[in-house]
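Next up, some structures in structure tokens.
Same chain, two partners: chain A is paired with chain B first, then with chain C.
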Partner chain A sequence: MGSFIANLILASVRMASPLIFLSLAELYSQRAGLVNIGIEGIAAIGSLTGFLVSLVTGSPLLGVLAGALAGILVNMIFAYATITLCAEQIVYGMAINIFAPALAAFIYRVYFGSGSALVQADLMITLKSALGIKSNHFLVNLFLDQTPMVYFAFILVVLTAVYFSRTKSGLNYKAVGEYPKAAATLGINVIGIRYLACVICGALAGIGGAYLTTCYSRTYVDGNVAGRGFIALAAVIFGRWSPAGVLIACLFFGFCDALQIRLQLVNNTLPYQFFQMIPYAATILVLALIGAKKAGPKACGQPYRKEEH
Partner chain B sequence: MKRRDLLVTIIIPVISILLSFVIGAIIIAALGASPLDALRYLWKGAFGNVRNLGTTFSRATPLIFTTLCACFAYRCGVFNLGGEGQFIIGAIAACYIATKSPLTGFPAILLCAAAGALGGGLWAGAAGLLKVYRGQNEMIITIMLNYVATLFMGVVFTNWLRDGSVPQTVAVPEETQLASFLGLRATVAFPVAVIVGILIYYFLFWTSSGFQFRAVGLNMTAAKVNGFNVRRYILMSFIVSGAIAGLGGALELLGTQLRLINGFASGYGFDGVAMALIASLHPLAGILVAIFFAALRVGSTTMQTATGVPTSVSDIIQALVIVFTVAGMAMVRLPGFRNKFLQKAGKEA
Partner chain C sequence: MAEDRKEILRMEHITKQFGYVYANRDVNLSVLEGEVHTLLGENGAGKSTLMNILFGLYQPTEGNIFVRGQKVRIESPSQAVKLGIGMVHQHFMLVEAMTVFENIILGDARSKGIFIDQNARRREIKELSEKYGLDADLDQPITELAVGAQQRVEILKALYRGCDILVLDEPTAALTDQETEGLFEIIKKLKGEGKSVIFISHKMREVLRISDRVTILRAGQTVETLNINDVTGEQLANKMIGRELKSSQYSKTDGNGEDAAVLDHVSYHRNFKHNGLNDVSLKVRHGEIVGIAGVDGNGQSQLAMLMTGNIAPEEGSMDLKKSKVVRFDPSGFIEQNVAHIPEDRNKAGLVGNMSVADNLVLKITKDKRFSDGNGLRLKKKAIHNYALQMQKKYDIRCSSVDQEARNLSGGNQQKIILARELEAAPDLLIAVHPTRGLDIGAARFIHDAIVKERDAGCGVLLISADFDEILEVSDRILVMFEGKIMGEFSGKNPPIEEISLAMAGK
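Presenting the complex of A and B:
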């Protein structure tokens, strides 16, 4: 039982990390007033790019960087359509959710042909094996047996919290998501910040996807993001648009994910699909419980038109 | 004004489709195949002979249902992204009745269709309740319910209704399967889908309660001020749109797939959303768009065998159509664009 709980906690941290990247991606987007439900699709393209580059170069780190770049590129379509053309954000996010996974699937087919031989890439090594530590103590595993991406995710939460609450630039950024017109009269470049938000969002969503193929699973499969992009949306709402809240939400959803994997391993009477439902059911439950105290950025979802001064 | 809007809703998707095909052709050329050949086989595969035409109609049928589901929901201001889950629940309900009940033949088919619609309606209704009474974001809820429904279907075909050692359900008995439509490869589910589309069109645009649904969709606040019970309309539009998808799932099971199996309905929900948007949420246009998308899918198989161009090229083309259409429709609504357009028109006149 002790090892069950220990493994559960370790897995929770690992499973929370991709969610943290995706939730922060959404947070940066919504803080600038852009609801991007396309991060599920962006994560898919990040996941594929991360896998391919890591396979070709043998470096998972380069894979993550390439995943970020691919995420930015795809999200620029969203940026142009929603910021410049003022397309409806939700609708365009759906378009990205259809386009990006199709692109990922296409590139995979073209690269590997129709043969479905399972190709595997190396995973990022953990700090523990990099340092050559042999101990198997729980705390050693918790703090050292993690890939650099896990540390990066947690550091990013702290940096984001500091940026949004302690810096002038962060406050300006948030103003764009709250009162874009007022922000513009103060000389803040609303359009510029919204594009910047899309760059950050695309990069983080791409990294979140690449995490899945460079730190978690050795190969890319269509649909491997498995709704994490949408769960991240829920995490942002659950976390009340604050980095700390988002972190707690991600740890909770990561825990649900870890729990379902662990329960599948110990139980063999119930069909395993019931366990796989846990993260999705938990998301619905959490949303139902917290109700609709709308606390998000006020201009979220609304286009900003310069002409309307 | 109205005529211009109508023109825009037709011209934008047509330009988007052409643009997507141009990009598709460039990709095909980059893969070392002849775009013209590929296009010819694409056309041949989809419409080349009666057999292929039947396959296209057959593939279009479930897409028409999920498209209508999305059309109806969005017309009423509800962003139901759960068409896939509702479709699956409908299919599961039908599967139980078709394989477990003593009924066979036409009564069984009717009961399956009713159970499918009811199942899909209730599944969507659950999301509707959360939206109406907990103010929850219906997009996330309906998407999460898609995953739950897909996994639940997994339980059904790997455990509860498993067919021996194969992870799929037992097949629907022959007497309960749908009849072929005019001897084509499509079943009567295809004309049923078209009729459902016409009924929805009639309801939304030619009846007063349909107008009320659309009024809620156009401006919820105004509807509330005018004494509409907005909550009831929202809940009803969840249930009706879910029932449409559920009916589609039931008929897809009885007509085409006959078994629940891994990948049943995969992607149909989001596809329906895309097609509804391309069709500007018009049910009749939605039917045409669904047939067009189905043709791309069916034709791409022939294209792959004949030219070696992978079928996923057609997925890219389909995805590009939605990417371009939504952006294009936003572009023509920009004040700057409208001014330019009007100035030009003025000069010419």
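Presenting the complex of A and C:
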């Protein structure tokens, strides 16, 4: 039982990491007033790109960087449409969700041909193996048996929290999501910050996707993002648009994910699909419980036009 | 006294076009150092547009701007700020989710470094606020501030950025009398420090009190600039609206017509003092205007909603044209020929994204004139022609009747509602704050229309927080306080003192 709980905690942290990237992507987007529901799609492209580059170069780190780049490129479609053309954000987010995973699947088929056996790439190595530590103590595993991306995810949460609460630039950034017109009258470049938000959002969502194929699973399969992009949306709301809140939400959803896998392994009476349902059911439950009070950035979803009168 | 001062700002031949509409046409403005210069004009005269150009929010189609004698191009608010121009917008530019302090330092570029230098910034702001008597609690969230306090934050914001020219766009529109006094004190202090204030308003009394010079705008053009000592309020008003104001008094009637509507001991959310009704009985007869006086938020909104069928009473009953109302729903009331000028024209009165023409026929689309088959197929041509007719009759100023209603000025929006509601020759009209935010000319037009409707036999219930408006047109005055009717007074030679006391609940 002790090892069951230990494993559960270890897995929670691992499962939370990609969610943290995806949720922060959404957080940066919404803080600038852009509701991007296309995280799922961007992550799919990031996932495939990460896998391919990691396979070809043999470096999972390069894979992650390439995933970020691919994410930015895809998100520029969203940026141009919603910021410059003032198009409906939800529609373009949805468009990316339809387009990007299909593009990823297409590239995969073109590259490997259909029906080929699963090709596997290297995973990023954990700090523990890099340092050559042999101990299997729980704390050693928790703090050292993680890939650099896990540390990066947690550090990013701290940096984001500091950015939004302590820096001038972070304050200006938030103003764009709250009241872009007021921000503009104070000399803040609204359009510029919104594009910046899309770059950050695309990069983080791409990294979140690439995490799945460079740190978690050795190969790419269609649909491997598995709704995490949508859970990230829920995590941002659950976390009340604050980095700390988002972290707690991601750990919670990560825990649900870890739990369902463990339960599948120990239980053989119930069908496994029942356990697979847990993270999604938890998402719905959480949103239903806290969804009533909306407190997000005021200008979310609204286009900003310069000379509107 | 003004002549020996240096000119700090000159705007020459400014023209601004939105599509086919000229918001400003060949406007000239000259502001001196240390003066309070008022821009006077009706709603839609182009005052705000001109100031948005000065502040870099709009680019002028033509014209030049000179600041301290130098020709400048102001392409963004940050450039305006660098030139020492600050602006307090009519709709405050405050981020509600942030504190006073955060709002003031937003976009601040004066210090290097990534982090917010709390202590230094706070010290600077404190100094400023003490110097000008702009007290503000820096750590309060904006949402907790009253309107007057929010405005002080806006002024602090502009001063913090180091402005020499401060534009105040209709600063008194949302203020109480006391807050207005406070604002005037601040303006005097600013003037004392040698700063120039551009004051935008259409309230004559304030303009006369606070300004040194006045520039009058009408229909996007400058009429003239005057020294305040050389004119009277009446002259200013006439120049502003471009025609003589008729003497203010309407004839009052005794109203011995039949009952149009009767409320009998009606209650709704009785315990909610500020948005409920407590045992209200009243009568509106054909051919009279009943004014409901009272401070906003004493149940007036609920009274209006109830008498237009939007909410049902919890106790008591209502008669419409001598028969008891059984079902409270708006469409039933419309069929009974009850017209409604709602309190919020943008939220309840108009569909902003629809055209002027479509808004005009919203209630009568089933009419054979405008559709076949009970509204199945709209006769676009007939609607268009009808709209043109209404545009003329109600003096709705728009570039085209196909223009979206939300782009019109408040007064013209209200005229659309007026046309829609009054064309059916209603038996009962419930008018709520019908002239709120409108200028003298438009308000006058609306009052004329309401009185004309009364003379045609319509019963009118006029709900307004503007006491002058109530006194101006009501034949009978009822006072509401905390959901109750406090008293009834005649509209002829109304006892102002007594009514004021009743409004305060005494």
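Brief remarks follow.
To be clear about the criterion, the second predicted complex is superposed on the first by the 306 of 309 C-alpha atoms of A that agree within 3 Å, B and C clash if a C-alpha of one lies under 4 Å from a C-alpha of the other, contacts with A are read in each partner's own complex, and residues count from 1 in each chain.
Criterion: a residue touches a chain if its C-beta (ideal position, glycine included) is under 8 Å from a C-beta of that chain, and two chains touch if they have at least 3 such contacts.
No experiment lies behind these values; they were computed from the predicted model shown.
When both complexes are superposed on chain A, chain B and chain C sit side by side without a clash. Looking at the shared chain after the overlay, A:P297 reaches chain C, while chain B stays out of its contact range.
In the superposition on chain A, contact of A:L144 is made with neither chain B nor chain C. In the superposition on chain A, A:A244 makes contact with neither chain B nor chain C. In the superposed three-chain model, the partner touching more residues of chain A is B, compared with the other of chain B and chain C.
In the superposed model, A:V199 makes contact with neither chain B nor chain C. Looking at the shared chain after the overlay, A:S169 reaches chain C, while chain B stays out of its contact range. Once the two complexes are overlaid on the shared chain, A:I188 sits against chain C while remaining clear of chain B. Closest C-alpha contact of chain B with chain C, superposed model: 6 Å.
Counting contacts as defined above, chain A residues 307 meet chain B in one complex and chain C in the other. Contact residues on chain C toward chain A in their complex (touch as defined above): 18, 23, 49, 52, 55, 57-59, 76-78, 81, 87, 89, 93-98, 102, 105-109, 113-116, 157, 407. Across the complex, chain B is touched by residues 37, 77, 80-81, 85-88, 90-92, 94-99, 102-103, 105-106, 109-110, 114, 226-227, 230-231, 233-234, 237, 271, 273-274, 276-277, 280-281, 283-284, 287-288, 291-292, 294, 305, 307 of chain A. Remark: chain A residues 166-169, 171-172, 174-175, 178-179, 181-188, 297-298, 306-307, 309 touch chain C in the complex. Contact residues on chain B toward chain A in their complex (touch as defined above): 31, 79, 81, 130, 134-137, 139-141, 143-145, 147-148, 151-152, 154-155, 158-159, 270-271, 273-274, 277, 310, 312-313, 315-316, 318-320, 322-323, 326-327, 329-331, 333-336.
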